[in-house]
Structure formats: C-alpha cells, structure tokens
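Pasting the structures in now, so scroll down.
Below, subunit A partners subunit B and then partners subunit C, in two separate complexes.
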Partner chain A sequence: MSRPGLTTACAAMLRRDLTLAWRRRGDIAMPVLYALIVTMLFPFALGPEDTLLERIAGGVVLVTILLAMLLALDTMFSSDIEDGSLEQLVLAPQPLALMLAMKILAHWLTTALPLIVISPLLAGMLHLPTSVMPVLMLALLLSTPMLSLLGAILVALTAGTRRSGMLLALMLLPLCVPVVIFAAGAVAASQQGLPWLAPIAWLGAALVLLLVLAPLACAAALRIALDA
Partner chain B sequence: MSKWIPLWLHKLSSPPTFYRFAGALRPWLLALALLTGAIALYGGLVLAPADYQQGDAYRIIFIHVPSAWMSLFIYGVMGFAAFLALVWRIKLAEVVAMTSAPIGAAFTFITLVTGSLWGKPMWGTWWTWDARLTSELVLLFLYLGVIGLYHAFEDRRQGARAAAFLALIGIINVPIVHFSVNWWNTLHQGSTIRLLGPSTIAPGMLWPLLTMMLATKFYYLASLFGRVRTDLLDLESGKDWVRTIATGSTLQ
Partner chain C sequence: MSAALTAVPDHVILLETRALGFYRQDEPVFASLNFRLRAGELGLIEGDNGSGKTTLMRILAGLLHVDEGELYWRGQPLQREHCLGEVLFLGHQLGLKADLSPSENLQVAVGLHGYRAQTTLSAALAEVGLSGYEDEPVRRLSAGQKKRAALARLVLLPAKLWLLDEPYANLDRTGIALVNRLLEEHLARDGAALVTSHGTVSFHGGEPQRIRMHA
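== the complex of A and B ==
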C-alpha cells in the first residue's frame, strides 16, 4: 500500500475543507453580516459625531472582527466531530499537527479573509481616514491568523464537551489581549502620525511563533479531548 | 537520605496515603493560619504606624498585597501540577491543579476588590486601566476559564487534563499579557499612577505584611488539603480504601 506524500495529503485536506465551505456559502456570509450590523450599532449608541467616530473607528473595527471570528470558531471542528472524520484524521499516518494546520488555514480563508476584505468598508462607515486603512488591513492580516490559531487550540480542547459557545469566549478573550493591544496600537499610532512599524513587527514575530507552535498544541489538545 | 525523598514522594502521590497525610496536617495548618493571621492583623491594624500621607487608609495593604502574591503563587502551583499531570499522568497532580484554581480565583478576586476599595479614597476612582490592575483582571479570567473548562466535561479526569492544558497555555500567557499591557499603558498616557513601592516601607509595616504572607500560605495549604481529600474520595469511590472510610473503619 503506497500512502500519499505530505504535499498531496495537505492539498487534499485543504481542498476538502474549502469545498465543504463552498457548498454552504451562506455560512461564509454570516460573520460578514454580523460585523456590518455591529459596526452599524455603534453610531446609534454613541451619537453620529464625526470626530468621536473617527477616534474610535480602528478599535471598534478590530473588536468587531474579533467577535465575528469568535462566533465562527465553533464550526471549525464541529461537523468533523459529528461525522467521525476527525477521529480518522487522528488515526491517519500523516502528522496530525500538519493536517490541523491545513484545517485552520481553510477556516481562516473562509471566515477571516472575507472580514478583512470588508474591513475598509467598516472603517469607512466610522470615518477612519483613508491613509490609515492600509495599516488597519496589515494589522488585521497579521492578527486574524493568530486568533484562528489560538482559537483552534481552544476549540480542540472543548471538542469533547457539549456546551462550548460561552466557554470558548471566556477562554479565548484573555489570550487575545496582547493581540488586540498591538493591533490597535499600530492603528492608533498611524492615525496620530507616529511610527507604526514596531507594533506591526511584534505582531509578525508573534504570528511566526504561533504558526510553528499552535498546530502542535492543537494536536496535543485534540488528543486529550478525544481520548475518553 | 537522597534515596528516601523520591521514595517518600512516590508513596505520597498514592491517593490513600495522601488522604491520610492531608487529614493529619490540615488541622495544624488551619490553626497556624488563624494564629499568624490574627498576629498579622493585630500588627497591621493596631501596632503599625499610620502612613504620613495616606493616614489609616493604607492599612488595607495587609490584606491586598498578600492576596496579590498568592494569586500569582497559586497560578504557579497550578501550572506546575498541571505539567506533572500531563507528563506523568499522576492523578493526585490533576486533583491538586483543579482544586487550586478556585482558591486562586478567590485570592485574585480579593485582590481586585480590596484594591478598588483602596483606590476610591486614594486615587478618587474605583477602577483605572493601570497595567497592574488590568493584568490582575486578565488573571482572574484565566482562572475562570480553567474552572469552566474543567466542569464542561462529563468525565472528571478528562476535564482535568484538558483544563491542565489550558492552565499551561495561560502560564505562558501571563508574562506576555503583563508586558503588552505595560507597553499599552505607557503608549497612551505619559504619567501613570504607581502603586506603593514596597522597597521604602517602614519596618513596623513590613513585619505584619510578611506574617500575613505566611498566614495566607498556611490557609492555602489547609484549604487545598481539604478540597483534595473530598475530591479524592469522590474520584476513588468504589475503591477499597474509600469503602473502609465510608463504613466507619479505623482508617482515618
């Protein structure tokens, strides 16, 4: 029996997850709609003054996208647990960490990428200056994969439990504090005309570290949660 | 001597042995905690001189500072026990990690409440987004996450191992949060409010503080031993040694 190489296995995994997501396109639109509606609520709650909205725009967009991703996290492994394919993945000869990394990548592509694409629209609704937009998108491009990676570890830990929605928020949000601080720091610095490269560099460094460690931690967490 | 200690530790990690060991020590620890706590309170509230600037309001530090130390110390103990539980699958380490979490959360909560009670007359506000306050709040959420995950599982041991894993992630996260929150605060405001520097404290204030630190340690051990005993009985129900205790035999 010849078993497929790692590249083939990774490509197959990615293709499978993307196909599954594409078959249920409506679910992809949900986080985007959620982010739009939450952003729309802020001017109602705080008043429509341009100066106030401009000042809070960066932070509001970041937090809104974080919450939208949190809502979508639950679905990362849930259908695979229900039909048992996740257990097959654990038993497969390919390294589990790599396979999970592919699943996380697919999940990031289907939930975070649409959010990043509409982030200029969200920021524009709150009058964020156009010159700050590239920094905001760069900060999102670096911070959303971290949220997906951190979230994947926690989703894997809760894989064996029934109710996990609020619990996931309770576990994930404290871990996100540094990510939010640095991403919002970059946006705020750019808005004030200060150098913004330092927080972006920190985000990049943390992302590289997490890219290596998080899939391994996710695999370990999944083994703990599935072994009854 | 060097052979005895590992052997003794190995024996101690068996549930019935630890049950008896903890049961024998617990009253003494509780008595010590009450005694040192009373001495520290008398020293702190009566003997220690009033602060020349803050008057009597500063006396809350005799509760606040030892609680803050304990909130971090217990997280360290929990992380260490979690590591032992995950690597060697020692049942006792799982129980110690999971029973430490509520005690640590309680100390963190006490730290936050006393801090904000002190902050109202001193800073003029119940809460400020100072770096230390914010890290302490994040620490409370980390504790609550561990407790929540532990109780989300049907199977106690599986829940303990998952929550132990979360505790380990948290222990990496605590310094990162502290560093990033410091960075965030200095970015936004030039002059931050600093807590009292303990290095310049008067000796009359220092000894009650250190005595209270001892009292909280004793209390933690006493409370931990009590909780571990109950949890061991629960986990091992059906085993012979539990049955002998339940039927009222001499095995204490």
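== the complex of A and C ==
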C-alpha cells in the first residue's frame, strides 16, 4: 500500500523507455547512419581539399548531429499520447515534470549518445585535428542535451497537431542558433589554439537553466494538449 | 463487528459534484450535474452517445478543466495534489505500450503507484486470465486480452476511486463477469467506482447509483 519513492518511479520510467527503444533498435541506428552519410557528402560536394575540410569540420559535425537529432525528435511523446500512456502518467502520484525529465533523458541516451560516440569518426572524415576532438566531444556532451530539452518543449507544444514534423523543425532550428554558435565557437577556438573554456562554460550554464525549466514547460504543455 | 466497520465509512463522501457543467464552443455538453459518491458505492453513468460520459470521466480524473460548477474530493475542493494516486482511470485508450509485455507494462504502473497490499504481479495477471501471455508483446494480444491486461491494474494498484470508461467493451462473457467481480471486491474494500456504459450492466452487488447525463 505504501507509495513508491521518486527514485523507484524514475527508475521504472527510465527502464520502460530504454526497453522500448531496445525493442526498436533499428530506429536507434537511423540517425547514426543519417549523420554518417550527410558528413560523407561534404567532401564530395566541396572537393577533397584538406585545409578547407579541416576548417569547416567542427561546424559540419555539429550541424549534422543537430539535424540527425531532429529526425528522431517528433516521436518523443506521440506514441504515449496515442496509446493513453500519457494520461496514466499525468494521473500518477509523482510530479509529471520529473517523469518527463526521465523520458527526455532516455531519449537523449538513445539518440544523442550514439551520435556523440561516432562524432570522432565524423570529424576524422573531415580531417579535424585529433587534438580538437576532446573539445568537440565536450561541446557535444553539453549541447545535445540542450537540443533534446528544447526539442521536448516544442514537441509537447505541437503534440496535438497533425504532421508536426516540419513545423517542429521550423520552430526548433532558430532556437538552436545560440547553442550552435557557442559549441562551434569552442571548437574553432581550440582549433586556433585559443582558450575555449568560456563558450563551454556558457553552454554549461544554459544547460543547467534548461534542465530545470524545460521539464516544467513540457509538463504544462502536455497538460494543455490533453485538455483539448 | 464487521457491520460496524463498514457502517462508518458509509458516510464518507469521496466525490461530490455541485452544478457541474461542461461546454464545447458555448454549447453545453452537460449541465447542472449533481451527485455524491460515497466510499463503498458504485455510480453508473448513463447516457446516449455524445451525452458527455467520457468528458465527465476526464473531468473527474483531472485531465480536463472544470468549466462550471464545483468538484469536491473528501469534502475539500478538488485539487490535483489531494487525490494523486487515489484515482485510477481506465479510458478508451488503455495506456499499454504495444512493444512491452503485459507484465512489463504492469511493472511500470506499479513503479509509479505501488502495490495494493497482498497482491503480486503474476497473481494479478492470472486473475484477469492472462497467465501464459505474461511475456507476449501486447501488440500480439487480441483486443479483449489487451483490455484484460489494462484491467490487471485494477487488481494491482492501491487506488481508492476507479473511473472506468466502458470497461465492458471488447470483453467476452467471462471478461464481463471479471469486471463485475473486481468491482464487487473493490466496493467491499470501501473503494468507490464510477462506470460508464451504454449497454446493459448486470451488476450483482447492491443497487448502483444511477447518474443520468443530459444537456
């Protein structure tokens, strides 16, 4: 009869979403393959010129990973709304925002983490110097959760609408501009041998802010979506 | 002794509506709905298609906002924080993940709500007639079996008030008997339940309170 604690509930949610992702492992591979192919197109389009590729490598990898994450974003809450799982989640005794944070975490683990893992390969294909790789990965580690969180808010806001995929992209991409600027700034600074800690610190600060606010915004938006 | 024990909670009014109304584009779906639901009582919500039965259920569950009138939970104006975990809602959408098995689905529900005393997951699945299907993905189950998997939540979770929207849909004769038995056991525990159905309900307990929906 005793109500489970928050840790138990969070673990149950996280386990559920990771199991669901594992049952559809093909979907996990899709953004990874997409990012690989898009990155491969750049040398073909621009010519295999080392200095040019080296200069654009950081930005290309960042934007490619952003677009790859966008592909997997609109499914974040849609299946839960369709099958009524979201209603059950809203009626659960735990705070909805926390449960949604677990869903966003699971989503980040299954879409962004594989992309971060292959990011050295992507950057290597574009001749990014090895010394810059750690900065690139650090920038990705901080910026991809932000994209997941920002995306989650917009997915929740567009939850009721049909064919929300394109609308989602149009809404999310402008919001990603500062994230891309700071992340690419850190990579470029490190490439030129300049201090890169400041943009990384900005990314970290923004991430902390979003970690707190985004789940609350998601919860409010989804309650409104159910109320319609 | 047992009579005295059941007599006291009889007076506890779990849920009360006062002049409850709901409007869709300024057209009333239903209006001035008044009823009281006591612990140990079953409310049967009756009405034609489109009379707002599901809407009422969603309002009572806290999924829709109240347009007009007041809602009281245990004598206090209803707020979501007061009745968290005490209300169990079973709607048209069953809230089951198709890629998970019935037992995995129930584990999530239990992770959020906890177990009712003296229940286990396997016993609950056996009670709803799903033994042998515990590890089958829900997508491979029939509509009736999916419904039964959702009904297992009624056995497992410790909620006080059940809001069951068309619980008899898709069920065969033994399934209907199962719902009736679960309801009887729940009322005997001093739980309360609201059930919508436009079919005939053959309930073998005491006479349920009939709530008629009208605009």
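Everything below uses one rule, namely that the second predicted complex is superposed on the first by the 227 of 228 C-alpha atoms of A that agree within 3 Å, B and C clash if a C-alpha of one lies under 4 Å from a C-alpha of the other, contacts with A are read in each partner's own complex, and residues count from 1 in each chain.
Throughout what follows, a contact is a pair of C-beta atoms (placed from the backbone, for glycine too) under 8 Å apart; a residue touches a chain by one contact, two chains touch by 3 or more.
Since the structure is predicted, the reported quantities are computational estimates derived from the model, not experimental observations.
Visitor: Kindly classify A:Gly124 by the partners it touches after superposition: subunit B alone (first), subunit C alone (second), both, or neither?
Guide: Neither partner.
Visitor: Check the residue A:Gly59 against both partner chains and state whether it touches subunit B (first), subunit C (second), both, or neither.
Guide: neither
Visitor: Mind working out whether A:Ala92 is in touch with subunit B, subunit C, both or neither, as first, second, both or neither?
Guide: second
Visitor: In the superposed arrangement, which partner chain does A:Ile181 touch: subunit B (first), subunit C (second), both, or neither?
Guide: first
Visitor: Touching A:Pro114 in the superposition: subunit B (first), subunit C (second), both, neither?
Guide: neither
Visitor: Thinking of the overlay built on chain A, is A:Met171 touched by subunit B (first), by subunit C (second), by both, or by neither?
Guide: First partner only.
Visitor: Which of the two partners, first being subunit B and second being subunit C, lies in contact with A:Ala225: first, second, both, or neither?
Guide: Once the two structures are laid over each other on A, A:Ala225 reaches subunit B alone.
Visitor: Just subunit B (first), just subunit C (second), both, or neither: which does A:Thr158 touch?
Guide: Only subunit B is touched by A:Thr158; subunit C is not.
Visitor: Which parts of subunit A are touched by subunit B and by subunit C alike?
Guide: Dual-contact residues (subunit A): 227.
Visitor: For a test of understanding, state which residues of subunit C touch subunit A in their complex under the given definition.
Guide: Touch residues, subunit C against subunit A: 61-65, 84-85, 87-89, 91-100, 104, 107-117, 137, 158.
Visitor: Spell out the part of subunit A that touches subunit B in their complex, as residue ranges.
Guide: 153-154, 157-158, 160-164, 167, 170-171, 173-175, 177-178, 181-182, 185, 188-189, 217, 220-221, 224-225, 227-228
Visitor: State the interface residues of subunit B toward subunit A in the complex, per the touch definition above.
Guide: Going by the criterion above, the answer is residues 86, 138, 141-142, 144-145, 148-149, 152-155, 158, 161-162, 165-166, 169-170, 173, 176-177, 179-181, 183-184, 187.
Visitor: Quick check: in the complex, which residue numbers of subunit A touch subunit C?
Guide: 1-4, 8-9, 11-13, 15-16, 19-20, 23-24, 79, 82-85, 87-94, 99, 226-227
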